[in-house]
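Two complexes come next, and they have one chain in common, chain A, joined by chain B in the first and chain C in the second.
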Partner chain A sequence: MAVMRVNPTRMELTRLKKRLAVARRGHKLLKDKRDEMMKKFLELVRSNKELREKVEKMLMEAHASFLIARAVLSTEVLEEALMLPKESVSLEVSTENIMSVDVPVLDYKTKNNDSGDIFPYGFISTSGELDGAIATLSEVLPHMLELARKEKAAQLLAQEIEKTRRRVNALEYVMIPQLTETIKYITMKLDETERGNLTRLMKVKDMMLEQAHQFEAKLYQSDGA
Partner chain B sequence: MSSDTHYAYAVSRVRAIERKMLDKQKFDRMIDAKTPEEALKVLTEAGYGFEDSEQGNVYDYERMLKEENKKVYALLQEIAPQPEMFDLFLILNDYHNIKVLLKGEFSGNLDEGLLLDFSLIPPGELKIKLQERKWDDLPPMMKEAIEETIETYNRTSDPQVIDLILDKAAYAHMLKQAEASKNQFLIKLVKIKIDLANINAFLRVKLLKKSWDYLDKVLLAGGTVDKKIFMQNLQSPLESFVNELSRTPYDKLCQEGLGSLQSSKGITHFEKLTDNFVMEYVRKARYITLGIEPLVAYLKAKETEIKNARIIMVGKINNISGEIIRERLREAYV
Partner chain C sequence: MYKIGVIGDKDSVLGFKALGLAVFPVTEPAEAERLIKKMADEYAIIYITEQVAKDVVSTIELYKDRMLPAIIPIPGNQGSLGIGMGEVKKSVERAVGADIIFQE
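This part shows the complex of A and B:
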């Protein structure tokens, strides 16, 4: 593992040590976050699948009855019946925070509260098959919105998991080894200088002692003389 | 009618072409056809199709059926000594056009493809009249209905009122026209249609569990079954409703319909029964040698045939099993 290009100083060492501590803590936290998100994600995906199957089944039903209505009524009559919608739906989008992911929350309101009052056509010129199709469609709407919300949440969550995983890996396999490596390098370098210094000092001391002896010897010589 | 002898030519001509109509065997052949193309072929053999021998695509069947419907009216108006008698049956199309035009106006997007061009007032003319609010020369009933519709819609902005008001007006107008013709057969036919539409609407309202005043808005006036019977039975079980009708001609129809409603078939089967009921009434015209009756019978028979053809074609194109198609097929005239 490559060592960072830093000055092997004591200051740098403390700085790096601090960074390593932070990296370790961050790594642990992110790992927990990833695991928790995975759990949430799997739950979400499971319920999403169930819901999707349900919605698809209902839509198929609605289509089947629509088809029959289309067979019994002529195109003109059928389309005329559905030209102007009676019900209007307003949708409010807010967000909810799941593990630091902002997932959308859809809240819808229909103008009419009476669920039997959704038919925009008269009952004389149309067939009863159409009632069934329209009723199923209106029934499926809340489920479809719920499905949209869940699918979007799953998508966002997946993105976030991907990001977190990349971060965890980067910390685990790049940042932390790099930091440890560099710290080791600096410590070694510092120790090396330390030892060099020590030897130098010992040498100097020896030299100084030598000098001192010779000085004394000269002193005696001159005294005796 | 003293003018019955005028019908000699028309009736014999209709009798002759009646033979060419699709019967049960031909419908069976269509249902059992492997591909939609094959089914379409049976239709072409029976004389359906475009005038300039244009070979229709399978998905053109809708246009083809419309064309056929137009042809029937054109033929009847050509051969009938009193073509205005058939205006009666065009009224519904006019009201349909009014609905399309009004809804198009309210929603701001009008699809002119939905207008039916075999109507009393040509759709182009009607469109201009409605746009410019110059409808003084329309029949008074129609004019009143349009005014009421626009007024009510502006007040409630509920699109359903458009259908409710115009459907009512359409049938009232039809009844009036029939009464003006003084022909008992026609008057009775319109009354039967009103009654059946009412029974059908009643059942649907009941299935949807709506209130009395809603039912009141839906029901058509002028039928033989009193409105009170419907109103009183909205909250009671279906059996009592059927009992009430046991002394009317709809006794058998309701008995059978009740059975199918209680089984899983739902309203589909009932609607088929009502169509069959009309067919049965019309079939009496077979024993009338001279008069407008056989012509009307032919018209109704042709309408049923076109309806059947549409059911089969839609079914074939969408791969619906023959059984489901057969369940919905109306009884053929011949």
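This part shows the complex of A and C:
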């Protein structure tokens, strides 16, 4: 791992040590976040899968009876029957926070509260298959809304997990090794300078002692003379 | 206050009209694309039949990372193409790195 291009000074060392501590802490936190999100995500996606299977099956049933109704009735009659819906649905959207991911919560309101009274047409000119199709559809609608909520939540969570995983990996395999290496490099460099300094001092001391000896020797000589 | 929209071929989506959803029958992928972009701010959920969805994947992808709208593929009257399930599978792969739910 490459060492960062920094000046090997004591100040830089303290700075890097602080950064390393922060990186380690961040790494631990993000890892915990990732694990927890993964747990939530897997739970969600499992129920998402089951729900989708159920909705798809129910929708196919509705389509089947709708197809028969379509074959029995003329296009005009069918379109006329469905032209003016009695029911209207509106959605209230709030957000829920799952591990710092905002996911939508969908609350739907129907104008009509009587679930048996959803048919916007008279029964005289339409066939029973159409009634069946509409009834099945209205039955599947709450599940479809639930499916929309779960799928969206799963998608958003998946995105966040991907992001967190990248961050964890970047910290674990790039940032932290790089910082450790650089800290090691600076420590060694400082130690080396320290040793260099020490030897120089010792050398200087030797030289000074030598000089002192020579001076004393000279003094004795001149005394004796 | 948001609405719910359904995009697809006419025969598949007409029934939803009786339930009070906004129904948009389309025949061309370009038309569906334009509709999705127009609906994105007003509709919280857009159901789209898989027959139409398979041609506008890139547009659907645009809204995947946004909170709203949720664009959900549903089977049309020609049966399921497995796109909806495929999306669920894809999000598992995205999060986990490998598919650990759908392997059989």
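Criterion: the second predicted complex is superposed on the first by the 222 of 225 C-alpha atoms of A that agree within 3 Å, B and C clash if a C-alpha of one lies under 4 Å from a C-alpha of the other, contacts with A are read in each partner's own complex, and residues count from 1 in each chain.
The rule we apply is simple: contacts are C-beta pairs under 8 Å (C-beta built on N, C-alpha and C of every residue); 3 or more make two chains touch, one makes a residue touch a chain.
No experiment lies behind these values; they were computed from the predicted model shown.
S.K.: With both complexes superposed on chain A, which partner does A:46 reach: first (chain B), second (chain C), both or neither?
M.R.: Second partner only.
S.K.: Is A:111 contacted by the first partner chain B, the second partner chain C, both or neither?
M.R.: The answer is second: A:111 touches chain C but not chain B.
S.K.: Thinking of the overlay built on chain A, is A:138 touched by chain B (first), by chain C (second), by both, or by neither?
M.R.: second
S.K.: Once the shared chain is lined up, is A:127 touching chain B (first), chain C (second), both, or neither of them?
M.R.: A:127 sits against chain B, while chain C stays out of touch.
S.K.: Looking only at chain A, is it chain B or chain C that touches more of its residues?
M.R.: The larger set of chain A residues in touch belongs to C.
S.K.: In the superposed arrangement, which partner chain does A:85 touch: chain B (first), chain C (second), both, or neither?
M.R.: A:85 sits against chain B and chain C alike.
S.K.: Examine A:119 and indicate which partner it touches, taking first as chain B and second as chain C; both and neither are also allowed.
M.R.: A:119: touches chain B and chain C.
S.K.: Could you say whether A:60 touches chain B, chain C, both of them, or neither, answering first, second, both or neither?
M.R.: second
S.K.: Mind working out whether A:154 is in touch with chain B, chain C, both or neither, as first, second, both or neither?
M.R.: second
S.K.: Of the partners chain B and chain C, which touch A:77 in the superposed model: first, second, both, neither?
M.R.: first
S.K.: Taking the stated contact definition, name every residue in chain A that is touched by chain B in one complex and by chain C in the other, in rising order.
M.R.: In chain A, positions 67, 70, 79, 83, 85-86, 119-120 sit in both the chain B and chain C interfaces.
S.K.: Taking the complex as given, what residues does chain C use to touch chain A?
M.R.: 1-4, 11-12, 14-21, 44-45, 47, 64-65, 67-68, 70, 72, 74-77, 79-80, 84-85, 87-88, 91-92, 94-97, 100-102
S.K.: For a test of understanding, state which residues of chain B touch chain A in their complex under the given definition.
M.R.: Listed in rising order, the residues of chain B that touch chain A are 62, 65-66, 92, 96, 99-100, 103-104, 106-107, 111, 114-116, 158-160, 162-164, 166-168, 171, 197, 200-201, 203-205, 207-210, 218, 220, 266-268, 270-271, 307, 310-311, 314-315, 318, 320, 324, 328.
S.K.: Looking at the complex, which residues from chain A come into contact with chain B?
M.R.: On the chain A side, the touching residues are 67-68, 70-72, 74-77, 79-81, 83-86, 116-117, 119-125, 127-129, 131-132, 135.
S.K.: Which stretch or stretches of chain A touch chain C in the complex?
M.R.: 38, 41-42, 45-46, 48-49, 52-53, 55-56, 59-60, 62-63, 66-67, 70, 78-79, 82-83, 85-93, 95, 102-104, 106, 108, 110-111, 118-120, 133-134, 137-138, 141, 144-145, 147-149, 151-152, 154-159, 161-162, 165
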